[in-house]
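Heads up, the thing below is written out as structure tokens.
Chain nomenclature is as follows: A, B and C, assigned in order of appearance, with residue numbering initiated at 1 for each chain independently.
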Amino acid sequence: MDWGLFTIQMLNGVQLGVLLFLLAAGLTLVFGIMDFVNLAHGSLYMMGAYFCATLVQLTDSFVLGVILALPLTALLGWIVELIVVRALYTHDHLDHVLATFGMILCFDTAVDFIWGPTGMAIPLPEVLDSHIDLFGGHTFPVFRILIISTGLAVAGFLYVMVSHTRIGMLIRAGASNRTMVMALGVDIGKLFALVFAVGAALAGLAGMLIAPITEASIGMGNEIIIVAFVVIIIGGIGSIKGAFVAAMLVGLIDTMGRSFLDQLLKVFMSSESAETSAPALSAMAIYILMAMVLAFRPQGLFPPKVR
Amino acid sequence: MIKKITALAAMGAFLAAPAMAADKVKIGFVTTITTPAGVIGQDMVDAVNLAMEDIGGKMAGLDVELIIEDDGFKPPIGKQKVDKLVKKDQVDFIGGFIWSHVLLASKKSALDSGTFLISSNAGPSQIAGKQCDKNFFSTSWQNDQTPMAMGEVLNQNGVKSVYVMAPNYAAGKNMIAGVERTFKGKIAGRDLTKWGKDAQLDFSAELAKAKASGAEALWVFYPGKAGGALIKQYEQAGLRDTMPLYTVFTVDSIALPKLQAGNLAGVMGSRNTQHWGPDLDNPQNKKFVSGFKKKYGHYPSFYAAQSYDTIFLIKSAVEAVNGDLSNKDGMRAAMKKADFPSTRGKFSYGNNHFPIQNFYLREVVADADGVWTTKIVSTVMENHQDPYAAECKM
Amino acid sequence: MTSLFRTGLPAFVMVAGLGFLALLPVLAEWVDNIFLIDLFMRLMILSIAAVGLNLILGYGGMVSFGHAAYLVIGAYAVGIPAYYDIYDGFLQFAIAIVASAAVALVTGAIALRTKGVYFIMITMAFAQMVYFTFVSIEEYGADDGLTINMRSEFAGLLDIEDNFTLYYFVLVSLIAVLGLVYRIVHSRFGMVISGAKGNERRMQAIGFPTYRYRLVCYVISGAICGYAGALLGNFTNFITPEMGDWVHSGELIFMVVLGGAGSLFGPVLGTAVFILLEEYLSRLTQYWHFPFGAMLILVVIFTRGGINGMFRWLGMKSGIGGRS
């Protein structure tokens, strides 16, 4: 076993994990508190990336682009909540799935119309665009370290906010017993809008962090959103802690699968079929994990207490 | 009741198909317009439109009708569109096809109906070999050929071991097979990554593996958007100093403007192989490249050059039979001669209707205006025929 | 048979619709547009799948977000034997039905332990597993898919290589499946299923083992979709794992809900609207997804019960279809 390579791949897995966490955090709060299934959360991830790309082009600064794009994405989330989502709270999950599926189509087409089908690159400042040397001649890109630290910082911030502030108390209360919070006279409309906007900003942030690596492109959120759903189901709907743990699990499983599964499969199949099967099987692994978790703990790993 | 009448009227409206007129040449063109890969399709459509202008919209005195369809980067959609072109529009020729798997899915529908099928890009091994067809022609290459040329280049550069990466689909597998055919050194490792509308774009795990494999060089095939992402991550991971990058169909005039905008200067001087280049010296190519640049403001890609050729190949066929579109045998014989001005210069068709042509080594340079493009350095393979032609019983 | 009318659809509309479908090939020839046959064949095949999904979604309240997986299983049940030059249609269709029923039995047994959104997600997870399983099999084309060179053979009884014959084969299948679902829904079994949708605990209290009833229903639904998949494989002559993508499962749900979940003909109506809109909107504009998506949102916000609900919402009391 090459331990250097193993460490690098662990870091790559953690990096994917924190990205998933940024997406899943908003998703799980919206789901937990408003009982709203938002497939279009991935579209906010995409919009964040496009806002950021446009602003970086205008301002010539990546940092400035991110700082300006964050409130913009939050604003977009707030508008979406006001116009569409609010009308859907009284509907059932099936309606949420369908309406937000419609929203995905609208967002994707709108981006095609405004920015064209090409996709947009986000140039990075030189400091971020390089790599650092680790032990044993291994290297790791600086930008991926930035992603990991940003993600961990956001996780820490959310933890403090949820467990030590009044807003956080309301959020926790909302996730475990919505009716009671409403009965206590809290302006639930405002709370919902706030949570939705923050969730949008977090999803947007994830998009801004991945775009310098893969480019902003149409439909970039449509596959990762399904994985984010897997994360929140495994973690337990409404639980930030669950989302974090599950995101790390999923990120590591996916990356480790892509890294080492083909070697493993070559032991008992031809190398060509191993190379074809390995990526598919590692993608499948997370769904197997979810099915297993649901079969044994139907409420996920860390369900909020009392529903 | 009114509702029902309007419904019936609507039904009637779409039932009424345009009546067939035999005094037109109908050409269907299937490519990818939507999804991020739509950039490639757009380049092809631009080239086809330019070709239509250059021939004055006429072939042998007949008007030409062009019907462009979007395959959405998905084999089943491509097939559906070909079915529609064959059955509804009843076209005489179908061109286009960026992707090998889309072409493989669509070919039965086109060929079973006796329609001419012309691939303007994809060249899967199956159609070059056992499944070759008398009504299929290619204006591009067979998938294996370009990487075979690259394998030769690796040998010439004295590379001893290489790590290969390609998308997991028909062409990706052909490309890897191609480079392995001619490369004499060791393949240190192979990665096939997810492809399609949700293609994998983050290659962190694969690049780390490549690096750990200790290979001397990295060889990749990533057409379209994924190419830019891969080159960027290759740079960010600092592999440039230790593992030189060799590519096929990855650094082209679709990727270069973006790489230049992102100032990824590392790509300057990098080398790739191709059967064509914007600087290739022949009258047709000069006319095409200058016309394209004038009309669209940027360099054409090889996809565009092959699409431009497609229209001229069809024109040569229609003119050979004086516009008698029912004379399929005559048109087939004419196309087989490859007697049309091609952007790649003179070439001939093999028994499997794939071109026998030269492959060049190209280098990324800045042109007189500072725009990044490619320049032909040398000829790697002359009059090269693909390795599957022998399997074709035709 | 008086209860035919209880489905809400006025009999003459239904007869007119079926008559239209029966005459379509002739009409298509007449207007010299045989592509219409393909269009309506696809429409009817997906209708069969939607009717199958409706059995659990509309009548049983089980929202499966993974039914496209059974289409794939059915399609490969035709494709894999064909790959080995086995074209016996009886065998292929039997494999399609048995294999999808078996997969539905195993996954349903686990999935039905969950409720609500967890059920939606776990069915999606199982569908993704099926999808990735076929993606990982290099021998059968993996991501590139598999071309079926010849359609199923029915021992000389039926030659579906001919598009007209296949068309009527599909039409008869659709009618048969509608009949089957009608019989199921109006049987004692069907009553238990819709009873459990309304109040599972009450049904259990009366002494019905609802879990077993639901599981059987889920298996039947999967088998119907598998059958539709076998038809789809024959129709397209080309199959790919992509047919089982979660997006297609979502589209199936949409077809059911659009036409009115829990009505016999609703899914057929929904599929028709879906397919025809897709076909004709996409010709109008490259940006056709926008009006399509917007319509989806509006339908959901302003109506409950799809097109039927929409008519009702517009004040047209009669509507078409009606919910049971």
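Just so it is clear, a residue touches a chain if its C-beta (ideal position, glycine included) is under 8 Å from a C-beta of that chain, and two chains touch if they have at least 3 such contacts.
This is a predicted model, so every value here is computed, not measured.
Q: Decide which interface, A-C or B-C, involves more C-beta pairs in contact, and give its chain pair.
A: A-C
Q: As a test of understanding: of all chains, whose mean C-alpha position lies farthest from that of chain C?
A: Farthest by centroid: B.
Q: CA centre of chain B versus CA centre of chain C: separation in Å?
A: From the centre of chain B to the centre of chain C is 37 Å.
Q: Chain A to chain C: how many Å between their CA centres?
A: Going by mean C-alpha positions, chain A sits 32 Å from chain C.
Q: Taking each residue of chain C in turn, which ones touch at least two of the other chains?
A: 142, 286
Q: Where does chain B touch two or more other chains at once, residue-wise?
A: 33-34, 168, 194
Q: Multi-chain contacts only, two chains or more: what residues does chain A have there?
A: 112, 222, 276, 280, 283
Q: List the residues on chain A that touch chain C in their complex, please.
A: Per the stated touch rule, the residues are 31, 37, 84, 87-88, 91, 93-95, 97-99, 101-106, 108-110, 112-113, 222, 226, 229-230, 233, 237, 272-273, 276-277, 280-281, 283-284, 287-288, 290-291, 294-295, 298-299.
Q: Which positions of chain A touch chain B when the two form their complex?
A: 2, 4-5, 8-9, 12, 15-16, 112, 117-119, 121, 123, 129-131, 138-144, 210, 212-215, 217-219, 222-223, 255, 258-259, 262, 271, 275-276, 279-280, 283
Q: Name, in rising order, each residue of chain C that touches chain A in their complex.
A: 63, 65, 110, 113-118, 120-122, 124-126, 128-129, 132-133, 135-139, 142, 246-247, 250, 253-254, 257, 286-290, 292-297, 299-301, 304
Q: Per the contact definition, I'd like the list of chain B residues that touch chain C in the complex.
A: 4, 11, 14-17, 19-20, 33-34, 70, 74-76, 79-80, 83-84, 87-88, 100-101, 104-105, 108-109, 168-170, 194-196
Q: Could you please specify the touching residues of chain B with respect to chain A in the complex?
A: Chain B residues touching chain A: 33-36, 38-39, 42, 168, 190-194, 197-198, 200-202, 204-206, 208-209, 211-212, 225, 228-229, 232-233, 235-238, 258, 261-263.
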